[in-house]
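Presented sequentially are two complexes of chain A, the first with chain B as partner and the second with chain C.
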Partner chain A sequence: MNNFSISSRSAQDVAVITPRGYINDMGAIRLEKTSEQFLGRGIRKLVVNFADVQFINTIGISIFTGIVQKTREYDSLLCFTNLKKIHCDIFDMVGLIKHVKVFSNEEEAITFLNGRG
Partner chain B sequence: MPFNTLPNSDYIGRHNELTNRYEKICQAGIGMTRSIMLAGMRGIGKTEFLKQLFGLLFWKQDRVAPFYYSVHDALLSVEAFSRTYLVQFLCQRLAFEKKEQALFSYEGMSLRDVSLLAEDRGASWVKTIIREYERAADPISALRVALEAPHQSILKTGIPVAILLDEFHRLKELSLGAAPDHRLVSLFDDPITRNKAPYIITGNTNEILEMPVAGLLEHVALKPLEYADALSLAQSLLERQQSKGAIPPLLVRRLGGNPLYLTCLCTKAGVTAQNTDRDFWNAYCEELIEGRLSGFWTSVFKNSFSNFSSRKIALSLCYKTYHSREPLSLEQIAESFEGTTAELETIVHGLYGAGFIEGAFGVMRPVEDLVLRDVIEALFQKEILAQPAHDLQQEFLDRLLPQKSDMTRFDLVLPMAKEAELVAAQCLDQIGKNLGFDQDTIGQLQIAVIESCINAIEHSGGAERKIYLSVIVEENRMEIGIESSGREFVVQQTGEPFGDREGMKTPGRGWGIKLMKRVADEVRFEKTARGMKTVLIKTFNKAMSGKKEEFKNRE
Partner chain C sequence: MNKSVQLKRLLFSMESLVDLGQEVSSSKELAKKMKAALYMVTGIFSVPTAAVFVYDPQKKCFLHLVDKGLRGKSKKEIRLTVVARHIKRLKMNDPHDMHALAKTMFYRQNQELFAKLQTKIFIPLWIKGNLVGAITLGKKLGNAVYRSEDRDILRIIAHQTAMTLYNARLFLELTKKVSENKRLYTTMQKIYHDTIQAFAAAIDAKDDYTKDHSSRVANYSVAIARELGWKPLALEGMHVAGLLHDIGKIIVDREIINKGEKLTTPEECEIKKHPQISYDILSKVKFPWKDIEYFVRHHHERVDGKGYPDALGSSELSEGVKILALADAFDAMTTDRPYRRKLTLEEAYYEILRCSGTQFDPHIIHTFFMVLKKELQGNVKDPLILPSLNSGQPLPDPVLFDQIPEHPVAS
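Right after this comes the complex of A and B.
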């Protein structure tokens, strides 16, 4: 069974990560690894596009807290885009939303990040 | 008559079976009538059937002499049994000659009294049997004489005898001295196979089936009353109490054509002059919880399990069997209950013997009796979970009163496989679409169901690696049940998850339940026979109901 996949790309100093399907513990770990790879390469602006994310469970979310912490350690910027209302509610419930920037789509997030030095 | 019987007009629904058996017995003279075991669930009317048959044989013909004997718990020493058996046989046999009902008053009658009676009637064969009985060298020989007495009477008079034995299972307690010796009942083996003396044996079917004598008998089932007969019996019982109203058809069907159940219900409902459907269901619920029906089965339970600890395990085990969707092996039972395998096997055997469960070969399943299922449910809730009778009454009423026609229910069983929670979530999505519910709200419930399934998997402690998902939709209310064999994971009083303080500091611990509570209008955690059940309730707003209505109309 493969209900999760991830793709990513980077241009200049912005990386866009696009997870797809069901983010559970395994999915979130893969997401965490991908973001760590970008941070390790010196990319300090991360966008996670949730457009194709169907479900996120709370175990997956607990791993997201690690990603958020890591980006803060690297003094980086983390943006979430295309969040469904329910996913936004969950991030809000666990207190994550205040640590990230939320945009309705990828372009808005990139424009924002490009405007930041 | 040696006992009370129902008036013929009140003996409803058994005419064909009774006539058929009567005619077969009347042919005993040609030696072709086989001995039978009359099988059937408790309350189905086996005893009444024997009594009615005795009445017919006694009054309506003179070719075959009937003998009715009901084994009594207090008369199970070989000496007491053989003496009462012989006295009653001889009295009934002499009574048959001239249809003398007065001779049925054999309480306190001695063999000497019977001997004098026989002398008075010139029945020397009776005196011969009594003499032989009194000269028997030991109690076993005397018992043989008593059991052979019907056959001896046939040899002397030429008149066949039909022996109608009730409560036969009690004979496994027949004793010579202090302890019961189940082998003694094998002394019936020869008499039962004699020509011209057919036996009809009845009592507790499961227990008789465990006795070797069952192998010598043709098994004839006394079936539940047909629906129309059950209805007639109910009407007759209600009319006798000058009560108006008719039992709702669904309730008649639930009672399963069992005359005892019908009698209990009609007696309870008959107190009210005019009964509505709800009154009848209410009377049924009262019967289940504190009525005669409950008393009947509770007494069977208590008699089968005399000590408290085994009684508690037996009730829990019975409840589990009734709530398991698959038959349970002894191994599965042993995994779920404390106690040695031998202790559990004794309890299982007791439940089987008493007629609470089926499973003569060790794979246990419920009996097909909805009333018994309800009684066990009520007894478990009342005695094990200490639920107040009033709450229980309301709960049963809510559950049993016919549901509104627009209620829809979906049930799904999921294996605890990797990401099985997604299957549950996808099903919920489709149900929402089918019923026209708001997709955002369904999306929220999907997340809650995923969390609940993860909890069920994480806390699963039982052998059954399955999740039982139910979705009940009634009007604009959706109730989702997620049940598994897992252990409790919340504190009942607070609804908060268990966990040590350190563990709770781990990110993500307890978020699932928090999320469920955020998404659903009501979240309940119920301890069930299977394990734990999480219930999520969500009421959709009126606009969405309108959408649902529109969807229905489109259909």
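Right after this comes the complex of A and C.
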């Protein structure tokens, strides 16, 4: 909890969430809540930038599972960017990756999302 | 699935189980650690909805403990109705597919909640023959199937979770017992003190002139001991010693106690037996306080060694004895007796000073007068001396006590 922080911003219909540090305990549940808040406000395009994420454990995977589930319920688009290989492999192994779009950086993700209605 | 992926999955599962083990055995509050554990489990299988329930044997139902992904409804009201014999038919700590339970009464009774939780898997949690709870897991993300390896991992998780819930139940029962024992102890303590008070009243009732003498002596003694910095338990003992110091008078002839004139030598011998008798009675009682029997035995001793029953000198008398001796004599001075009227506080002050270093210990005298002065000035939060004195007693100016030397001795 001490090693985790989160920032977010939104422009038009895209929200960018930037977690930092360790996503390995219940303190990181804020990620799920932040995503829900954006979806609740009608924003249907979410980007999660993993550039500053050092560690993800099963609690973190569960949190992202929840986010994926919510974006599906809201018929929204979810993009992950700046994923380290180790995190990408874990998401792939637990079957999460096929439910999100993965980009190497935020700009690419936003360009993609802006091109979608 | 190729072997490399299988191996990766196995390592991931093992690592996750280690994390889970650490979480459930942590010292966190049960709901907090179970919530974290549930997130771990749902993370392993990518399940958006799941819940852990605890079994309530009295209500015969599973009560909601924690969940992930469940919306609406006050969660405290969420429960799964259960008939124990139905559950017993299910293999313990085993993941059961909900479609296999669809025809059971258990499923039908709880159909609505199972639907809300999107339950795919139900695991009854058992340990040492006790049903302790249940886990429900929803469908996996993208409706992926639960594989055979998943079920193996779920059995381990079920066992760990069952153990945690069982330990929590034991701890709760233990906490309840401790709380009940504390309550009983407090009640017993009150009964004990009330009984001692009743004894003190019985002792004082024997003497027409000394109603509440024991109670006042107890209060004066505690006031001095408190000023000397005694600890709460020791103060409690001092109070009890004050209440019971004259218990030996119970077997002294009432006529001797109430005689209005000088006692004959045999009568005097008779009454002087009471500290020894008090000791004989109280030394057979296993009090939680130290030395009470000695305080009462020696409360008529003097620091010059001319007291009774053992004629001990100052160095052989404990602080408690010296306190009780002064408190007892002060009350005798300030109450009417069959053979003389009571002294005023000022008269008692000079009388005590006169006996300093002979009958009473100078340091105890000094302490006593310091407390009395503070009480006269209103500087004691919980005064014990002034409220115990007979009403109508003229109170001296506190300045009177300004001249008390640290170690007053008779002039």
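Before moving on, here are some points about what is shown:
The working rule: the second predicted complex is superposed on the first by the 113 of 117 C-alpha atoms of A that agree within 3 Å, B and C clash if a C-alpha of one lies under 4 Å from a C-alpha of the other, contacts with A are read in each partner's own complex, and residues count from 1 in each chain.
FYI, a contact is a pair of C-beta atoms (placed from the backbone, for glycine too) under 8 Å apart; a residue touches a chain by one contact, two chains touch by 3 or more.
This structure is a prediction, so every number in the text was calculated from the model and none was measured.
Considered on the superposed chain A, chain B and chain C are sterically incompatible, since they clash.
Residue contacts after overlaying the shared chain place A:3 against chain B, while chain C stays out of touching range.
By the touch criterion defined above, A:55 reaches chain B but does not reach chain C. In the superposition on chain A, contact of A:22 is made with chain B only, not with chain C.
By the touch criterion stated above, A:11 is placed in contact with neither chain B nor chain C.
Of the two partner chains, chain B and chain C are each touched by A:94.
In the superposition on chain A, contact of A:68 is made with chain C only, not with chain B. Of the two partner chains, chain B is the only one that A:86 touches; chain C does not reach it.
With chain A as the common frame, the single stretch of chain B that clashes into chain C is 512-520; none of the other options in 224-232, 512-520 or 530-538 do. Residues 57-59, 61-63, 65-66, 89-90, 93-94 of chain A are contacted both by chain B in one complex and by chain C in the other.
Within the complex, the chain B residues that touch chain A are 418-419, 421-422, 425, 440, 443-444, 446-447, 450-451, 454, 506-508, 511-512, 514-515, 518.
Those residues of chain A whose C-beta lies close enough to touch chain B in the complex are 1, 3, 22, 24, 55-59, 61-63, 65-66, 84-86, 89-90, 93-94.
Residues of chain C touching chain A in their complex: 5, 8-9, 12, 16, 19-20, 32, 35-36, 39-49, 68-69, 140-142, 144.
Those residues of chain A whose C-beta lies close enough to touch chain C in the complex are 25-26, 57-63, 65-66, 68-69, 89-90, 93-96, 98-99.
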